[in-house]
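Here it is, the structure in full.
Labels run A, B, C and D following the written order; every chain starts at residue 1.
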Amino acid sequence: MSQVLPEGISSDAFFACADAIVLAAKDLAALGWTPATSSNFSMRLDDAHAAITISGRDKGKLSRADIMLIDLSGNAVGTDARPSAETALHTQVYRYWPEMQVVLHTHSRTQSVASRLFATQGVIRLEGWELQKAITGFHTHESVLEIPVFPNTQHMPELVAQVDAWLDAGKPLHAYLIDGHGIYTWGRTMAETRRHLEALEFLLACELDLRRLSA
Amino acid sequence: MSQVLPEGISSDAFFACADAIVLAAKDLAALGWTPATSSNFSMRLDDAHAAITISGRDKGKLSRADIMLIDLSGNAVGTDARPSAETALHTQVYRYWPEMQVVLHTHSRTQSVASRLFATQGVIRLEGWELQKAITGFHTHESVLEIPVFPNTQHMPELVAQVDAWLDAGKPLHAYLIDGHGIYTWGRTMAETRRHLEALEFLLACELDLRRLSA
Amino acid sequence: MSQVLPEGISSDAFFACADAIVLAAKDLAALGWTPATSSNFSMRLDDAHAAITISGRDKGKLSRADIMLIDLSGNAVGTDARPSAETALHTQVYRYWPEMQVVLHTHSRTQSVASRLFATQGVIRLEGWELQKAITGFHTHESVLEIPVFPNTQHMPELVAQVDAWLDAGKPLHAYLIDGHGIYTWGRTMAETRRHLEALEFLLACELDLRRLSA
Amino acid sequence: MSQVLPEGISSDAFFACADAIVLAAKDLAALGWTPATSSNFSMRLDDAHAAITISGRDKGKLSRADIMLIDLSGNAVGTDARPSAETALHTQVYRYWPEMQVVLHTHSRTQSVASRLFATQGVIRLEGWELQKAITGFHTHESVLEIPVFPNTQHMPELVAQVDAWLDAGKPLHAYLIDGHGIYTWGRTMAETRRHLEALEFLLACELDLRRLSA
């Protein structure tokens, strides 16, 4: 393999992360949430490193060779491969929350359409759904789950700054959408993060259905 | 296994129920009706016991170890596992109808959206569909099938009381929705209950389509 | 097997039909077009007999044992099994067109919803779609394909009479819908009939989409 | 095999193309984009030849025997098989762009419905979607991707002339729709062409969703 691991990261640890990413990517691709090589996935290895998908690969057909090592500034470590263009959004999560271990970014049709519809408002407000309880920390449908929608840009530092501004304002953040693009969410384990992603896709789809039906 | 069976319940009987639940859960999860560890399933073992899914498990990946024994008051029997939060809604069915053997609760997008749309009316009235005949006791499309929609609450006794009130009013009950949540239905065999669930999902989806198209 | 074959029908011939029906049913069930044990399928054996699905079976799980022999008046032959309730609609096709070998009746959501929407008009008029060419005898999108929608009834002779009336009026008939129910179509081979069914489902779904989008 | 290869085309080269087409067709059929034997696929072999699907085959069940050789005028080479009716639209691409190696034509419901809705305007204008970057040459969502919609005709030279007119006007062309029919797109490799097709289907579906939801 072209990936050289630094001292302190065993190949067992790296492969465990890579395998978990490959499996998640395969499942999410089968749902149609990663069209045309879009989407990217990462998993924390330690305080200073994460494994992340290499840019431009078909997410339904990943193998260990499609996963690379980065530091938490987003630089490639021990490889010439180019990490996903949106790496900075992953490392931001790992730097901000030491307990977060996984970041998943997908690009489903529901996510893309919802982001366009709610772009002007800048936020999607979810309430009254039992499935809000799937987000860690939520214990009742009588709660409000806010998902911000940030304007899209090809310049990553602007996106990072938008996320920072939301956090600096002291607002809770469990996931965000980017306009015309997809969703980012995270968690303390792969299972928790996948549960978050699955619940958010479901809730966004329900909101779009309600809007269609209540018109 | 950590599940200890009381005298009078053979492990063959328990495993037969567990396997039937695991298989149904796998099929229903593949349809996307159990997002983010939602949904729960049970099967009666005898006059005083049922097998039910343990809380919080991924319904697409259940095994025998994810099924536990309860009594018909909803208490765990022979295990420290925690049964589904909505266990009281299952045991209510088994206590009310001695002939009912299976209760299935799913949480599809169609079910969730329909429950929100019809919450104010408190009932969905189905008529004119050939598939109403899939509900035991219905022999023609020239019939009316009413599915009540109860307000959601995290306090189970309130939900149980709502179902009781409907039954006490002498109204037929084949299934019910909970607002922002999913559906409950039951039957005398697993096959009958799955047929009920499949027909109800289909009929709710048709009603939503008609509403979209008749606007 | 409980099916006894009359002289002149070999078990090879019967099994060939049964296997073709089982395979088609499995594929159509996987598409969700046969919910809750609905739908029925048949195949002609000779001038006087056809093989047809036994009533009430799960169409995704058929085996040879779920297929029975009937005569073209719809009577069971060599078996105590009960043929599908709508057998008379199958045998009508075989009696009317000697060249027709296969009848498929499914019950998809699109078919059910379209039948309700167009019930008052009594017909769905398709034109301008390239896929009309998938119906035998159509060579251009510049044609009109009319699918009648008959009122539903549990009394089969009424349905048979409605189909007869359409044919007696000299109107072409490639398929029909029954209100709140599903579609019937047929062909000279299983491949042709499945192509017809697939094309009709596609065209009905496109018409519903156009209606939703042109509102 | 009934396909005789001319000097200069090895069976290895021909089979490599045939296998790539068979695999793509199987995947696209599984998505439901090739209903009722519609759709056709080709791959360039050299400056003067391409492999293309034989007319009328079920695209989910192709084998090498369903692929034939043509020259770039669309004539069958070394076989009596009849190439797809729309062969002229494939060879036009290979003649116009020497670098293009693959042409995929599918017929999804989204493609058919979008073509009808935008037929009067004659073009679908996509902007603001991150997935526009999946089309080679696009590097930002702040771009405009125009997909022309040409009137349908059973007379291929008219369609060829419409495409020529668009190109002669100096307008960029990455794909086109035919009214009531499907989409054509192409690329320098099978992977690139499939990425184009997947992205275009996604973008058209998003546009239809937005239109439904913004009404």
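Assume a contact is a pair of C-beta atoms (placed from the backbone, for glycine too) under 8 Å apart; a residue touches a chain by one contact, two chains touch by 3 or more.
These numbers were taken from a predicted model, which means no experiment stands behind them.
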- Message: Which chains sit in contact with both members of the pair subunit A and subunit D?
- Response: none
- Message: Farthest chain from subunit A, going by mean C-alpha coordinates, please.
- Response: C
- Distance from subunit C to subunit A - Cα centre to Cα centre, in angstrom: 47
- Task: Express in whole angstrom the distance between the two chain centres, defined as the mean CA positions of subunit C and subunit D.
- Result: 33
- Query: Residue numbers in subunit C touching 2 or more other chains?
  - Reply: 212, 215
- Query: Based on which chains are in contact, what kind of graph results: line, ring, star, complete or other?
  - Reply: ring
- So which chains end up touching which? A-B, A-D, B-C, C-D
- Message: Applying the document's contact rule, which stretches of subunit A touch subunit D when the two form their complex?
- Response: 35-38, 58, 107, 109, 112-113, 116-117, 152, 154, 178-182, 208, 211-212, 215
- Item | Footprint of subunit B on subunit A - complex, ascending | 128-131, 134, 139-142, 191, 195-196, 198-199, 201-202, 205-206, 209-210, 212-215
